[in-house]
Structures are given as structure tokens and as C-alpha cells.
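A, B, C and D are the chain letters, set down in written order, and residue numbers restart from 1 in every chain.
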Amino acid sequence: MSQDIDTKPSTRAGITVGTSPWGPDDQLGALNYLKEDVRVDMLARADASTLYDLSVDYFVGMPSFQGAGDPGYQIFLSHTPQGTLVDNLNGAGDAVNRHVCYSGDVVFMYTHTGTHIDALNHFGVDGEIYNNFGVEENLGSRSWTKGGAEQIPPIITRGVLIDVAKLHGVECLPDSYPITVDDLQGALGAAGLQLNEGDVPFVRTGRMRYWPDGAKTLGNPPGLSLDAARWLTDQKIAAVGSDQECVEVGPSEHEDNWLPGHCHFLAETGVPMIELLNLEELSADGVDEFCLMAAPIRLRGASGAPMRPIAMALRD
Amino acid sequence: MSQDIDTKPSTRAGITVGTSPWGPDDQLGALNYLKEDVRVDMLARADASTLYDLSVDYFVGMPSFQGAGDPGYQIFLSHTPQGTLVDNLNGAGDAVNRHVCYSGDVVFMYTHTGTHIDALNHFGVDGEIYNNFGVEENLGSRSWTKGGAEQIPPIITRGVLIDVAKLHGVECLPDSYPITVDDLQGALGAAGLQLNEGDVPFVRTGRMRYWPDGAKTLGNPPGLSLDAARWLTDQKIAAVGSDQECVEVGPSEHEDNWLPGHCHFLAETGVPMIELLNLEELSADGVDEFCLMAAPIRLRGASGAPMRPIAMALRD
Amino acid sequence: MSQDIDTKPSTRAGITVGTSPWGPDDQLGALNYLKEDVRVDMLARADASTLYDLSVDYFVGMPSFQGAGDPGYQIFLSHTPQGTLVDNLNGAGDAVNRHVCYSGDVVFMYTHTGTHIDALNHFGVDGEIYNNFGVEENLGSRSWTKGGAEQIPPIITRGVLIDVAKLHGVECLPDSYPITVDDLQGALGAAGLQLNEGDVPFVRTGRMRYWPDGAKTLGNPPGLSLDAARWLTDQKIAAVGSDQECVEVGPSEHEDNWLPGHCHFLAETGVPMIELLNLEELSADGVDEFCLMAAPIRLRGASGAPMRPIAMALRD
Amino acid sequence: MSQDIDTKPSTRAGITVGTSPWGPDDQLGALNYLKEDVRVDMLARADASTLYDLSVDYFVGMPSFQGAGDPGYQIFLSHTPQGTLVDNLNGAGDAVNRHVCYSGDVVFMYTHTGTHIDALNHFGVDGEIYNNFGVEENLGSRSWTKGGAEQIPPIITRGVLIDVAKLHGVECLPDSYPITVDDLQGALGAAGLQLNEGDVPFVRTGRMRYWPDGAKTLGNPPGLSLDAARWLTDQKIAAVGSDQECVEVGPSEHEDNWLPGHCHFLAETGVPMIELLNLEELSADGVDEFCLMAAPIRLRGASGAPMRPIAMALRD
């Protein structure tokens, strides 16, 4: 598991913002690689006997990134059966409310909590997000007007599990382990697979084995080195995902960028990132190739959104 | 479009709580009707060339039910590129933050906002939700411990559009129009379809044609009469949906219950309800039968959750 | 109640940002006019037999300005006695929680809800707030770093009721009535008072007579014309207040500024504004001059903060 | 600083709910001890030359009790000058918004954050809060309908600093130190004071010396033993306060009650509790007796509310 010294990345990431080859109005980025024929093929080959739910659920006290002041997940009841008898907020009156038990609730969350997708506007460089949308013209009081989560279409395509933890024969990669291009190629090779245009690779570190133990799940994540991230985007992937909080290795290996992988995927190449995926069952069952179905909640302008990706193994 | 006087429902709904035939621990209710063979068949027949996205997006000012004090949808930025230069909440320092543009946001919403599913605990009767889970033992400070949205599995099954607006030749049914059993049977007959066990019928009133005009979309909805709701659950449907905010007609036709349809579907028969579906494209394209794929965000214990249902027409 | 045509304000407000005479670091603005000797005198003369509470309480459904998307006031229980028995969030266990009834709650509010004070950073002009603090250097992701509510010291000084509604012999001034310099001088004259440096005048329109009827309380408020606002700041007042939502008349009489009074008070002259004051009792009792005690909650960086001002009549 | 073994409290607190001597509708409890003559006397003797602000300010990341899932303090901008140019949420248009810099913000907080007062409904026993208001009849969906923070009048009375840290000659009492009756009497004796009916004693542990270092400020607080709490309420105090998060010692010394001091003060004797007071300046200046002015924000039904208490030394 040692790293060859001459593969050490340079100390500067040197990310620049990407201009979309799909035109000046494009907000989809690499999602343009999604193709109807792949979707048709995947659904035709999907083994629907087992659905793999790759999401985690949301609950008060769940681990989440709070290091920069963002709130933890919260849910509150806005209506309770007993409370409704007292406050009659629905105006139905005592007799009806004694019979009917009304419950309602509200949620409050950072959009990067739980299993979610990062939208393209989550990270930019030098004043612009992907496809040169500038802060000044496109950042409203409440959210961006470009590159938000509502732009992301339903993703039905080929998913590929790149099981780096399994390649190394460990339950979980060590803290801050930078996944290399060799690791990716090794894991793909072990599975007998290669990446195609429009694929969505899910890189497994093993971290979600410990969920929801925040002490073991968050902080100093093993994840993609910038070289590995660049190799992936060279394959024309439509999106990328991982079973940790930021897909890339942390802390950053590059002095000019605290999250160079985010800047590369989102800002430079227009690749949305899916985080905190539960890949444990896919790994245990050896499902390295699958039909992926994933569609985030359409939060207009948001830098991220909850999603519940589903995978199905492929029939031969 | 007149209603025969002798089909007028009695003035009392008389709903009682349902005991699950699937055992005392069951929290799935009618979702137990979902079957693997139907799922396999639907995916095999799905025409993946067109994806129908049945959801709406979330934005500040969007219409939502606020009549009982619940908040409207809110999103706020927790990190902005320019603000990060000032506050350095991420600790990356001035040089890095001048290069890297970090944006983050939080959302705050009633769980019954936008396209969403009602979980079984949203409504109960006489102190219990579906399958006799009592308020006293199962309602926590923050949410129910039973019958919440996280219990709902991914729903991949046969969806059926019951296009009552089209049957009546109108853009939208009139306010407070109570959809009858005849309406349902008429619309199904016009489409040459019948309901099977495990289906999810989507009843179209036409209301979402006006979205997001809240004045025309919310309040006094045309929707299912209680008789019509009962006829649907007799068909062993797995869930039900509509293009308005409460599936059922409003205001209630029954003096003992302000939302008898909710009580019948959720509490009496364990049928989750999908609301504020955009059915306009399905209707325009005449897609009356489809492969439905829908999975709510897994908000533990919540009485509802956002979801983004996708439909695909079926090949012959 | 007619307005002389030649006192009609020009159509441009022409506000410019003010530079503090108290130095480049000053964030207090006109609050510097507060003086110890006045405070000592006021407390010495205060008639403590009656406390006038000039605030309103906060409740779900209370009127508030939501025209620009801001949320209405919300409160939620985070702990209930019965819920704690179910969820044991405090870890105290069943026996203890059966005995001890724990309740807790959270609030969520726009900082300009209910009786509150506007901090100097609420409005600026041409990229700067009062005393030339620029947006670029001082606006963080979460709040301003200058001119926030936490800068406001406890205000104990002479308060003066300028009862314009009473001057005109009306319960409430008509919608959008622009209060003139003559009105202010007339009301002061009727009370036999004049303004001194460091005073806080409270201008009464009568609007809070209708609280909490939002339809009559909010929108198109009678309030200060820009000329009247300028006359007040010429008197070296320390702060200003009114019994409506924005102190000034609405809508704006000036084409270049939608809230010229805010820009004049906050940005040009550094005068904090107290809004939605309940002045009904002061007016009814004819208390035109009083010892004012008011201290906002110290929300760091916030553009406004709730406060609960108290008034006491002065002994002869 | 040793504790005599035979003063060790029994292991059961044995708190019962108090019935108000001021009648069945009373929601003020010990606040009824506030008297006009004391108020008049205090204001007459107040030395207004120096105002002691006993509050802390609110900021993202401030320490707060989150052990039972409650959220930390949050503030978000709802309007920014630059964002308003992009989104025009106020409808004023580009030219006006380029000139006028509009900022607004929202806050979200647990009501027991920062310097605040606990209302009587925060803790009850055996299904009832102070004066026998039962959970079933008085706990709404959103808040209690009795005993809330809006019931608390402005408190202007004699405040007394009981400086236990100074008595012991320490910067701060050790973790979990239970303050005894002897400590209270010793500190009062050292100051040459005794408690009178209607007083509000502030018990100083020294903890706020470390604010806002959460690691030193929160958890295992030194504070009042139950015996000491009982001795205080025997003096007919109107409210009680301290410079830590719960006034009483933690963890509890009593097996039947996790917060017996809360239950005694709030539920048994109707005494509101003021927490997280900054008493450092009063202590440094030796101001042991003072005119206290304190009025919480009137959050209807809330179990607590922010407040900003002000103290003034008394003239001879």
C-alpha cells in the first residue's frame, strides 16, 4: 500500500475553470455524456430481483461536516395529535381533532448532509463556476442562479464499483490515503472492467462500514488523489461518487487549494460528485457493474441536494 | 359532471385504524403489495427513450400549504465565495480562498412541500397510526419512531394514470369537485386499463397545469371522494398519487373528519400518498400506463419526504 | 391634513453614505449622542410606578414582512415531556423521564420580525454602509463583520413621543400618508416639547392599534417623509422609532430609492431604527416624554435584532 | 473547599409540583414577589454612570448545550447587496438596487442559547408545570400555552451578586462543585448583605471567565446543590441566575432527577432561572448589590428566551 515517491503530485493543483464544449448556456457539464442507448441497455440488462439502496437515512445527531459552521440535521414536529387538540392550528375543532391524529414535521439541513450530490456551483475557481458563470452576475441572495441541483436530470446509466478497499484487502483504507491511478486501474482490472463514456464510477474506501460512527466516518478521509481524479475525468465519466464525505483525499495535498478534487470535478470538468454512498452491500455481493438510477431532489440553485441512488446488478 | 344525489356519501366518514395483515411489526402497509415479478416485468418493458420527471423544483416563494402555520420553503447560503474571503470559516486563508470559490447552502422546509410522499404516520385515528402503533409509545420529541418516511422502499412498479380531467374534457376539474368511482372507472375504461395488485394509480385533476400559480394550484382541490378512495384501496394498490396537494377532495364532505381520505389511505389501509405530482406531460402524451420509479429521501420518522418520481412508457 | 405642494420632495432622494465624525473605526454612529448625564437625569426622574412595555410578543402566524421572501416567525418544540419518554434524547432513562417533564424549543425568524431595531448595516448606499465600511471587505458568508446589532449598547435616554395620529385627531393615519416636518413640529408643540441631542423620538402613526391584524398593520404605511427624517437627524437624535414596520412612509416617494428613510437614517447619519413599537398605552396616557430603556439581543453582525423597550413617565 | 459529609443530600430529590399562592390562573410564580416600592427605590439609588452588560453575544460556533440534539446558533443572510442585484427579490430593479445596499438575515436557535431566561414551563414534574398546568391540556404542537417566556414582565429589582468563586479565592470553582448553603451565606456575609423578598441573586462560579471556550465553559458545571437552591427560594427571591449553563451543579446528585434544581426552581417554586450571565465585571468591580434591569424577548409559549440584563451599582 506504499506510494511510489515519483508519483507524488506537484504541490500546486493549478485548477482552471472549464468552458463547456456544449455551449455557453450549458449547465449540465459531464452529464451531457449520459446517452439514451446506454440507458436503454442498462434497463434491459438490469436484474430487478434485488434493489441496492445506496443511501443512508437522516436523523438528529447523524454525522455531518460542521467544521465550517454548517448546521447538523434537524427535524421538528409542526403538528402532533395531542398538540392539535390544544392549539387547533388546523381549525378542525375539538371533536374532529380528538378522532383524527395529525402529525407534520419540518426539516432543516445543510444540503451536503447524508447521501447527496454536489451541484456544479458548489465549487468554482477564480470567480467563476463551470462554464464561466461569474459570481457577480449569478449569485443571488439565497442561491446561485446557475449550476444548481435542479439542473441535474435523472441519472440512469452504467455504474461501476471501483473497490479500492477490496483491492488492498482491507476493511477500510487508512486515514488520508491518496488513491492513485494505479489503484483505480488495479481495482478495475481485478473486476475485469473498464470505464466507458457516460459511466458513473463509485470509488469505495470502506469508510461507510463504520456509519453512523462519526468519529470513524468523517475527517481525514482516504480518497482520490488529484491525479486519480484527472484520470477518471479523462474517461468522460458523467458523474463520480464515493463512500466518504468528499470523494477526494483529505486534507489536500496541494498548497493552493483546500479541495482540489472538488475544483477539478465540479469547476474544471463539470462532473457532479455523489458523496456518502453506502457501497457495503455492493462490495459484499461483488456487484462491480450495475444499472444506476439516481435523481436528486430539485432544490433550485442549490449547491447540493439529497438523493437516494438505487443500483441493480446486470444480467449476463 | 353532475353527481347523482343518491351516491352522496354519508356525513360521517367513520374511519378506523387498520391492523396490518403482515404482522404486528409491519410498517410497510400496502407497500407489501409491491412484487418482484411486477418490477422485473416493468423494467423489461420500460421504454427508456423518454424519462418523464413528475416532480417540481423547490424555490423560495413556491406555493405550499401554510394554512396551519407551517413554514414556506427556504434556502440560505451558508458559504459564499466573497463571504469566505471575509470570514474564512473554512480556515483555508486568504490566498486559497481568493482562488477557490466555495458555496454552500441550507434548506428549511415542511416535509409536505413540493412533490412528496406522505408516510403512514402523517395521519392516524383514535390515538393510533396504521397497524395500531400508539401515540404514547411511539411519538418522540422530534418525530415518530414508527411509520416514518425512511421505511418506504424504492417503489418500482406499474403506474397507471387515471386522467379524470381528460375524461371530462376539461383543462382542470372545478374547485372541490369530488371524484367518484364512476369517474375512476370511466377514465380507466377510456384508457383500456384496469388496476392490478401492487399498482400505483396517479389521479389527474389538471391542477398542476397552473403550477406555480399558488392561487390556482392550492385550496379547495378537486380530488377523490371517500368512496373513490375506498374503491382504489379495494384494488390492493401499493400507493396512490395525484397532481394536487392532498389527493382527496377538499374541503371534507364528512363532518367527523377534516381529511378522511388521508385517514383512509394512511391509517386504515396503509397506503402512502404522493402529492403535487406533475402529470401534465404524461397526459399530453397519452401515457396511461408506465413503469414508475420513485424513492423518497429517507427522513427518519418523518411524516413525509420529498421525492422525484420518474415514469417511462411501456413498450408493447 | 393636506400637504403643501411646494414642500413636495424632489423625485430623487440622493442619499450618500455618511462618514462618522467619531473616527474611522466607529460603528455606533448617532448612538454616540447618548450621554451619561442624560441617563443619570432620566433615571433620577423616572416614575417607576408604571412600566410601559412597548414590545409585541412573537407567535406563529404573527404579521411580518414577507414580500421579499423572508420567512415568518416559527417556533418548534425540541423536547416534550411525552416525547422524551419515547426518545430519551437526554439519556436520563425511563424512570427519571416519567417523573421529570422536560420541554425545550427552537425559534427561527427574520431579524426584522416583531419589535426590533435595525442595525446600521441593514442598509447602505453605493457599496458601503455607514462610515464607509465596504461590502467587499466586510460582508461574510453569514453576516456583516461591521455595523451589526451586537454593537448597539443599552439605550437609556430621554424618549419623546411624537404623536402625529393624535395631532390629526385620528385613530390611525391613512395608508401611505407622508409625515411632514410640520407634523413633527406640530405634535411636539402640542406636547410642549422639543428634541434635544441624544433623544430617541418615537413617531406614532396609530398603526399598532390594529395589531396583530396583518391586513391593517402592514403594507403602505403612513410614516416619515424624507424631509421629516432629515429634520429629525438634524436634531442629533441617537435613534428613531415608530409604531409601524419601516418608520418611513411607503411606498417610496423617490424614484432612485425604494427605502430612502432607511438609507438616510442608517447609512447617511448612523441612526438605528426601532420598528413595530406598541405606542398605544403611551398615547392613551399622554406620556409624551419618558425614560427609555432598550437593549437589543446581541446578534453578532446581524442587520437587526429583537428588543423589548420599556418606558417610564417622568416625574415633574 | 471540602464538603462536610453529613451535609450530603439524600439520594432522592423528591420534587413535587408547586401550586401558586397567587391563584389558579397565576403564571408568574415568584415574579409576584417583585414590588413597586423596591423598583422605585432601586432606580432612585442606581448609579447610572456605569452600565454593566451581563449578556454575551450570539455567533456561529458559540458554545451551547447540544447534548440532547438541540441545534447550535445559526444566522444566515436572506438579502445581500450583491445578491439583490442578481435576484431582485425586493422588486426594486437594477438601477435602484445598484445604489441601495440591502442586507437582511434570519436566525435559528435553541431558546436556551446564550444569556437567557428559563420560563416556568421548561421543567415540570409528574405531568404538570408550576401551578398544576397539565401537559395534556396545555402543550400545543408548537409550544406550551401556559408558563411561557412572554409571561415574564420586565424585571427591575434588587440584584445581589453571590460571589462563591471569590469566597473560595479561585478564578473558577472546580467542575461539578456543589455550592452549599454555607457557601451562599459565606459569600453574602463577606459582602455584608442579606437577601430580601423580591431579590434576584446571581451566583458566580467563575465559569464565564473562560467564555467562549466551550471546553471550559460547558459540561460538569459547578453550581447550586439542591439544598442551596432550597435555601434561596426560602428567601422569596423573584428569580435566580448564574454564570453557567444551568444554575445548578451537574451532573445531578440525585438519582430520581437529572436536573433537580430546575425542577425545584421552575416547577416547585415558580422561580425563573437566568443562565450564562457574564458576571466577571461585577465581580472585578466588587459590585455585590445592584439595580437589575432585565426583560426577555417575548416568545409566546417558549420555554426560554434570550435576554440582555443590565446592572447598575447602587449609590450610598
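Quick note on the criterion: a contact is a pair of C-beta atoms (placed from the backbone, for glycine too) under 8 Å apart; a residue touches a chain by one contact, two chains touch by 3 or more.
As the structure is a prediction and not an experimental result, all values here were calculated from the model.
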* Pick the pair with more C-beta contacts: C-D or A-D? -> C-D
* Using mean C-alpha positions as chain centres, tell me how far chain A is from chain D in Å, no decimals. => 43
* Asked: How big is the gap, in whole Å, between where the Cα atoms of chain C centre and where those of chain D centre?
  -> 26
* Asked: Counting only residues that touch at least 2 other chains, which ones in chain A make the list?
  -> 60, 69, 71, 74, 76-80, 82, 89, 106, 108, 139, 141-142
* **Chain contact graph, described as a line, ring, star, complete graph or other shape** => complete
* Structure fact -> In their shared complex, chain D is touched by residues of chain A numbered 60-61, 69, 71-72, 74, 77-80, 82-84, 86-87, 89, 108, 136-142, 145
* For the complex, which residues does chain A have touching chain C? -> 60, 69, 74, 76-78, 80, 82, 89, 106, 108, 142
* **Residues of chain C that touch chain D when the two form their complex** => 36, 39-40, 42-44, 46, 48-49, 51, 53, 55-60, 67-71, 75-82, 89-92, 95-96, 99-112, 114, 121-129, 135, 139, 141-144, 150, 153-154, 156, 256-259, 263, 267, 293, 295-304, 306-308, 310, 312
